Structures are given as structure tokens and as C-alpha cells.
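Presented below are the structures under discussion, each in the form of C-alpha cells.
Both complexes shown next keep chain A, but they swap its partner, so chain B is in the first and chain C is in the second.
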Partner chain A sequence: MKPDAAKREVEELRQRGTIIDLVDLNGQCYALTAVEAAVPPWDSETYEVAIAVPAAYDNAGLDGFYLRLPYKWNDKDHPRVNGSVIDIKSAQWKLVSWHYADGKSWKRGQDCLETHIIHCKGFFMHRGARNDYR
Partner chain B sequence: MTTVNLRIAQRHWEELRAHVSRSFRGSSREELGAIGLIGEVHSQGKRELTVSRILMPSLSDIRFSGEGGLVFDSSYIRRAHLEMRRERLAGIVTFHTHPFSDQRVAFSPYDDSQDPKLIANLKELEPSTKLLSIVLGKRSQCGRLWHEPSQYVRANRLIIVGENMEFLPLAGTPPLPMPNPAATFDRAQALTGSGALARLGEMRIAVVGASGTGCLVAELLARTGCRRLMLFDDDIVRDVNLNRILYATTDDADRRRLKVDVLKRGIESLGLGCKVEAVAGNILEKHVIRQLREADFIFGCVDRAYPRLLLCQHSFRYLIPYIDVGSEVGGDKLGIVSLTSRASYVAPFRHCLQCTGIVTPRHLHLESLTWEEQMRVIALGYSEDLIMKKPAVMDLNMRAASLGVMILRHLLQPFLINVPITLSENLVTFAMLSIDKARAENENCDLCRVNPQYGYGDCGDDLGLDSEVVRLITEPKASQ
Partner chain C sequence: MAQEHDSRVSVRTLDPLSDPAKFHIDENASLLNLMQEGAQRLAVALLPTPTSPFDLLHNILQHDEIGPAITDLDQAVGDFIKQKHTTRDFGIELVRAFRVNTRWAVAPEPELSPRQILALPAINLDFQTYTLYLPNSSNPLPLDTPVSISRGSVFEAQADGKYGYAQ
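Right, the complex of A and B next:
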């Protein structure tokens, strides 16, 4: 089930050059796109991510994402890539614990797929929470 | 149906009345007026128009204004009509005053000659256009709805919704005296007068959720004098909820009877003259929430975020007030830290439940993922607070239900200083809290601040989800 609002946003993003697709997996919609990563600590300059889009989008917002496997971070697994694994398009994707903080929650009418992708990019930058994992 | 009601936000009505007040005072009494845009509600049991917005005129929008009449400039009418067509609304409403009318007002022969010409012109551009014409006296108003130049329908009642609820006749006459309530309700008149009780008896009130809190709200409404209840719930009675659902028996649980049917049976057996319409459906579904249009007032007794959000959307779309009731038990490993029952009032130009912080983005996100995706997110462990079992403590629910019904009484006949966003009772500290601050206020909230489909009625997009989607997000797959 692909929510209309997500379809509209994906179309707009495509027109602006973003490579993004919506897929339906057993009724759950995911937005598939690629984000840049810092090398090192990551082992690739881009990664594919899958963002679960709720049926009630954009009444309901987005949160977290799946990372396409395999990947390496500092030659090992990243502690936040710790969720369930699903199969999309013959590949495996693992849920990443990368959620909005309580103090900066999703804002209806302001946040969208594009802002969420930017939020996801934050995970792949060599900053922010890095001190916790050094 | 030969009559139609008009529903308007209290703020719009007050702004309009303030704008035309000059008509009724001083020596130069000129006719004044304004044009608004209207949505429409056309259901089996209801014909209503809803004022979406009023386009207050500038000086150049009035071609002539004096004791002898008021003529809107054609550019003003064209602008309103263009906006109506662009937003696919039902029509436009024109308001104008008759400065020398007080408690009685009627259309003049000039109005009789001009309204048909105006509707004819508007229909040339957009054949589906409706024209609601309202003439205002100092303390009266009269309305008629034009479909064709040769055909109009009398407007019946003006329903003003906001900090309280007012019902004014649109017949150009003073309100008729209300009948006395049945003797059964006599002693409630200490708080709610006969007029308000009679009004309550006429209203169709929906209770969404017929479980621990909903059954108490429904019972209180029936005992307050409500004569037309609609109950919404798709769940059945189970052994585990026999302790908190009024009228439910072990036989009902054994036979897997619907909660709404059990409650209907119980309330109608009270002999208070309350008729109950049981709707066995999930409010998340499009065809179920559509039935809510029939209601004049809504109580939300649900324990999830997404239904609450939908009820807010419905409230602003149809200008139907909504009271959300709930209770919360907060605790940690060491014990209970909070015990709260509350009622929150949502209505035009008030805050939605997301801005008040009752509905959170995290809840909304989780609840509208498929069941399997919800389980994967929950397995991460960070969202345990989202899946805590909701309290099912009847004595706590009773306090929330009572607060909600008291707010309804106030809306019909005010006795509170004002209605806070949330009226809350903390039972750990025995404190009654009047919460006036929207703690998650978003000035760009597209629900309650800048809602593009405000007052659209049926002219807006469908609310809710398809039945198949609702099954995906509420039930695990049969194979799992």
C-alpha cells in the first residue's frame, strides 16, 4: 500500500534528480534511496536505505530506516544497526536504531520524505555520536 | 429534506457580527455585509452547510453602502467564486444587514429580485454553485439557500461552535421557547436549564469507543437527557473486560456479542427515551468515519493516537465539537507516580490533540505501520513506552467520563469561567488542573492552525483508510 502523499513526494524528488523508489512488501510501503557516507569509518561512499512509510503518511510521520547489507563500519558492525532483517528486492536490509529525539520530533506539515532522508544521512556522517563508539 | 442548517465557528461569527455592528448603532445606519465560502454535508440524516472562511471586504469591495442598500463590487463576488471553484467548495454565502431590524428580520423585495440574478450568474460559471443568502437583524437572522434562480430552500438553524455551542433560528424570528424537559431530569436543572436540556435531547451525540470509558460516557449522556446516541466500536465483549463494560454479562462474552450491541441493549432498557444507533466498525476506516457526519457532537473514548488524530481532523473539517476523554496511570519499578483522568476539548480555533501533546508523532508513526513492521520496531526496544498497556481502571475512567460530560453541559449552558484545553484531575496529589498551554504547539500545524480544508465538510478529501489497510495495521497476518 503506497500512500498518496508519499507517491506525490517521490515524484517531486525524482523530478529534482533524486533516485528514489517506493516498494510494497506485504502491505508495508518502503521508500528506497541512497545516501552518502563518510569513508572512513564507513566502507562505502554510498549506502542504500529503506524507509518504512506508514499507511497514514503524511498524517503519521517517518522514523528510523533499514540499511542494505552488507556494510562495514570501522571494519565491524555499527552498534545502532541492531534491528530485524527483512528482504526487499532480493537483498537483505537491517533496521537501524536512528530515531528522532523527544526534543526534536517529527513536525506535521513541515517534515517530509526529503527532510527524513537528510535526518538519515546524519547517521553516516563522521560526527555527532562518534565519541560514544570510539 | 426541505431545510438546511448552517454551521459556523464562533470566531467567524463574532468577527462577522463585529464587522456589521455599525449597522445597528448611531444615526447613519448603513447596510453592511461580507461574503464567505461554504462546504456542504449531505448525508442520509443531515443537510448542513459549513462556513469555511469569511472574506472580509475592503473598501473597494463595496460598490455602494447606505441606508437604502448594499451592493458588493463584482470583483469581490468574482474573487470569492474563483476561490470557491479552485478549492472545490460547495458555494458562497452572502451576509448583509437590515439596520432597522432588531428581533425580526426578513428579505426585502430588492433581495428577492437580486438573489436569483446572482445565483444565475454564478451557475453560468460553475453549475454546481450554491448560494446561501443571509440577512442580519440586530438580534435575528434569516437565511435561504438558492440552487436555481427559481428555487430556494429555507435555512433552518445557525449552529455556532467554539467556546460554547449556540443554536439560533435562521427564520428571522426570535428563538422559540424551549419545551420543559421530562420530569425525570427536573433535578438536573439546578445545573443545566430546560433550554439546554431540550437542546441536548435534540442533538445526536456520537461516542467513539464502547469499552471501559465509552460505556460510562454513554450511560452518563443517557442519564443527562440525551435522546439520540451513536456508538462506534468493532470489538466484542470478552471475559477480561466484564469488570468494566456496563451491562456486559458472561453470556455476552460466551456468545462474542459486540460491545456496541450490548451497550445499546442496556441503555435502551433504562426507559429514559434514549435511542441508540450501534455502529460496528473501526473509526479508522473511511466508510465508518463517514458515518460520524451524522453526529452533532463527538466523544472520543479511544486509547490510540491515530483515531484521536482522525477525530480532530473530522472536528475541524465538519465544525463538530469533540471531547477526548482518557486516563493515564504512570509508574516505574518503585510504584505509581501519577494517576490522571482528563477530558480535552477540541473545536474550531482551539488546539488539536497533537499540539496539546496528547497525540505524539512517535505513536502515530508506530500505529500506522503494518503489524509486522510494528513488531520489528518494538523489538528494537526503544519504544516500550509506546506499547504499555492502557489503564483499565473503572473508577479512574469514571472520573474522566464525568469531566467530559460536565464540559458538554457547560458548552450548552456555560458555568465554567472558560473551557481549558484539558481539564485534568491528578489523583495522587488530589489536584484539579486546568491546562491552558498547548505544550507541543506548532504554529504551522495543518490541523488546527493553518488547516487548508477547514470547514470543507464533504468537499474535502476522504478521511480514514481503506478497510484492507486498517486490517494490515491492526491485525497480524493469519499465517503468523
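Right, the complex of A and C next:
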């Protein structure tokens, strides 16, 4: 199911030049897009990410994302790319443990797909992290 | 080749003042079409998009006086230039358009602090939640230190994150 709010936002983002798609996988909606990364430590300047969009979006918010495999970080796996693996469009995507900082979780009316994509980019740029991964 | 219903017009950029691009345009074309054609001939990209520019179109009046920004860009070129006191000469004012994430705004000053940028109505992000960065930088821009903004500048506003548990 593709929530109406997500469909509206995706259309607006496309009009502003963002390449983004919504897919439905067994009733779970994902927004597929790409974000830039810092090279090194990452082995690519861009990565495809999948953002799980809850059916009740945007009353329910966004958190975390899946990274399309394969990837390398410092020539190995990143310790926080450690969640479940799903299949979307004949590729494997792994859940990344990257969340909003304490006390700054998703806020309807302020946060949206656009801001969440930039939040996801922060993982690859190692910015805005309020704790360490080591 | 000029057609029966074509008008010869000129378009230049204002500040910096360019040489005018002179061309024929259908009188039924809109002033937005004229602006787009002029910008293309002047090798200028209208921002944020050619179809909905923040940039402004002015009529250059007699004695090179610059008229007010034209608010109705949907009106036909022929209708406009037939009005009293108008001319066939136009100028494009290139505004200080910039974006944060995918949100475009016009900077009222050449320098603004991140707090001021986030508070612009077209940006509208809470400075207590969002931190401003340059696109390929991991260094947050200090909240109250002005940064230079030029036409086409890009910033990213990001909500802070935290890593979850490692396995």
C-alpha cells in the first residue's frame, strides 16, 4: 500500500528534480532513492537506499533505511549496516541502524520524505551523529 | 524567419548588464515564453526552473528606465507591448535564488546566518532540530555565523542522528 501523503510528497520531489520511486512489496511501501557518500571511507559516491514508509504515513513517521548491497566501508562492512536483509527489484537491501537523535524523533508537519533523505545522507557523511559507532 | 504575427524584441540581464539578445517572437506567446527564450539566448539558467522562475522580468522603458517587475507573465507579448508607455525591450533580474535540500528561496541579503536561513518562510525548518551543512561537508555551519549566499548556492539541513546497537 502506498500512502497518499507519500505519493504526494514523491510527486513534489520529482518536480524538484529528485529521482525517487515508491514501490509496494507485499503490502509494505518503500521509497527508493539515492544519496551521496563520502569517499573514502565509502567505496562509492552514491548509494541506493530504501526507506520503509508505514501505511499510516504521515501520522506515523520514518526511521532508518535499507542500503542496497553490495557496498564497502573502509574495505569492510560498516558495523551499523547490520539489520535484516530484504529483496526489492531483484536486489538485496540491508537495514541500517541509523535513527533520529534522542528527543528529536519524527515530527509530523515538520519532517517529511525530503528531510528524511537528507537525514539518511548524514549516515554516509558521518555528520549529525550524537553517538559513536565504534 | 519572422512571421506575420511576430514582434521583434530584445532581452538583456540586469546586474550584470548584458548585451541584449534580439529576436522575433510570436505576439501570442506569453511573457514567460519571452523570458525563457531570452534567457536561453543569453545562456542564463532561470532559477529554480525555467517554468516557474523566481527571476523577474522587467520592461525597459524609454530613456533606459527599468520598469517594475512584471507580475503577470501569462499575458501575451502582443497585448503587453501594445500598452501605452511599454517598449519591446526587456530585462531579466537574476535574483539570489538558493536552496536548502530541495526547497528554494531568495536570499534577502548576500550573507545570512544558518538561523536566518532556516527561518526563511520558503525553508521553514526549526533550528533546534536541523543543522545546516554545505553539501559535501561533515562540519556543521555555526548557527549564528553568517555565510555567504550567491545565486545557485546549495545547503543541506539535516536532523541529527544516532547509531543504533551493533550486533
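Methods note: the second predicted complex is superposed on the first by the 125 of 134 C-alpha atoms of A that agree within 3 Å, B and C clash if a C-alpha of one lies under 4 Å from a C-alpha of the other, contacts with A are read in each partner's own complex, and residues count from 1 in each chain.
By definition in this document, contacts are C-beta pairs under 8 Å (C-beta built on N, C-alpha and C of every residue); 3 or more make two chains touch, one makes a residue touch a chain.
As the structure is a prediction and not an experimental result, all values here were calculated from the model.
Of the two partner chains placed around the shared chain by superposition, chain B and chain C are both touched by A:Gln110. Of the two partner chains, chain B is the only one touched by A:Gly61; chain C is not. Applying the stated contact rule after C-alpha superposition, one finds that A:Asn82 touches each of chain B and chain C.
In the superposition on chain A, contact of A:Gly27 is made with chain B only, not with chain C. Within the superposed three-chain model, A:His99 lies in touch with chain B and with chain C [touch as defined at top].
Applying the stated contact rule after C-alpha superposition, one finds that A:Gly17 touches chain C and leaves chain B untouched. In the superposition on chain A, A:Ala38 makes contact with chain C only, while chain B stays out of contact range. With both complexes placed on chain A, chain A has more residues touched by C than by the other of chain B and chain C.
Once both structures are placed on chain A, chain A residues 64, 82, 97, 99-100, 107, 110 are touched by chain B and, in the other complex, by chain C.
The residues of chain A lying in touch with chain B in their complex are 1, 26-28, 52, 54-57, 59-64, 82-84, 86, 95, 97, 99-100, 105-110.
Taken together, the chain C residues at the contact with chain A in this complex read 48, 101-103, 125-126, 129-131, 133, 135-140, 156-167. Note for the complex: chain B touches chain A at residues 306, 309-310, 313, 354, 360-362, 364-365, 367-370, 372-373, 376-377, 379-380, 382, 440, 442, 444-447, 450, 465-466, 468-469, 472-473, 477. Looking at the complex, you find that chain A touches chain C at residues 13, 16-18, 36, 38, 64, 79-80, 82, 97-102, 104, 107, 110-111, 114-115, 117-119, 121-123, 125-133.
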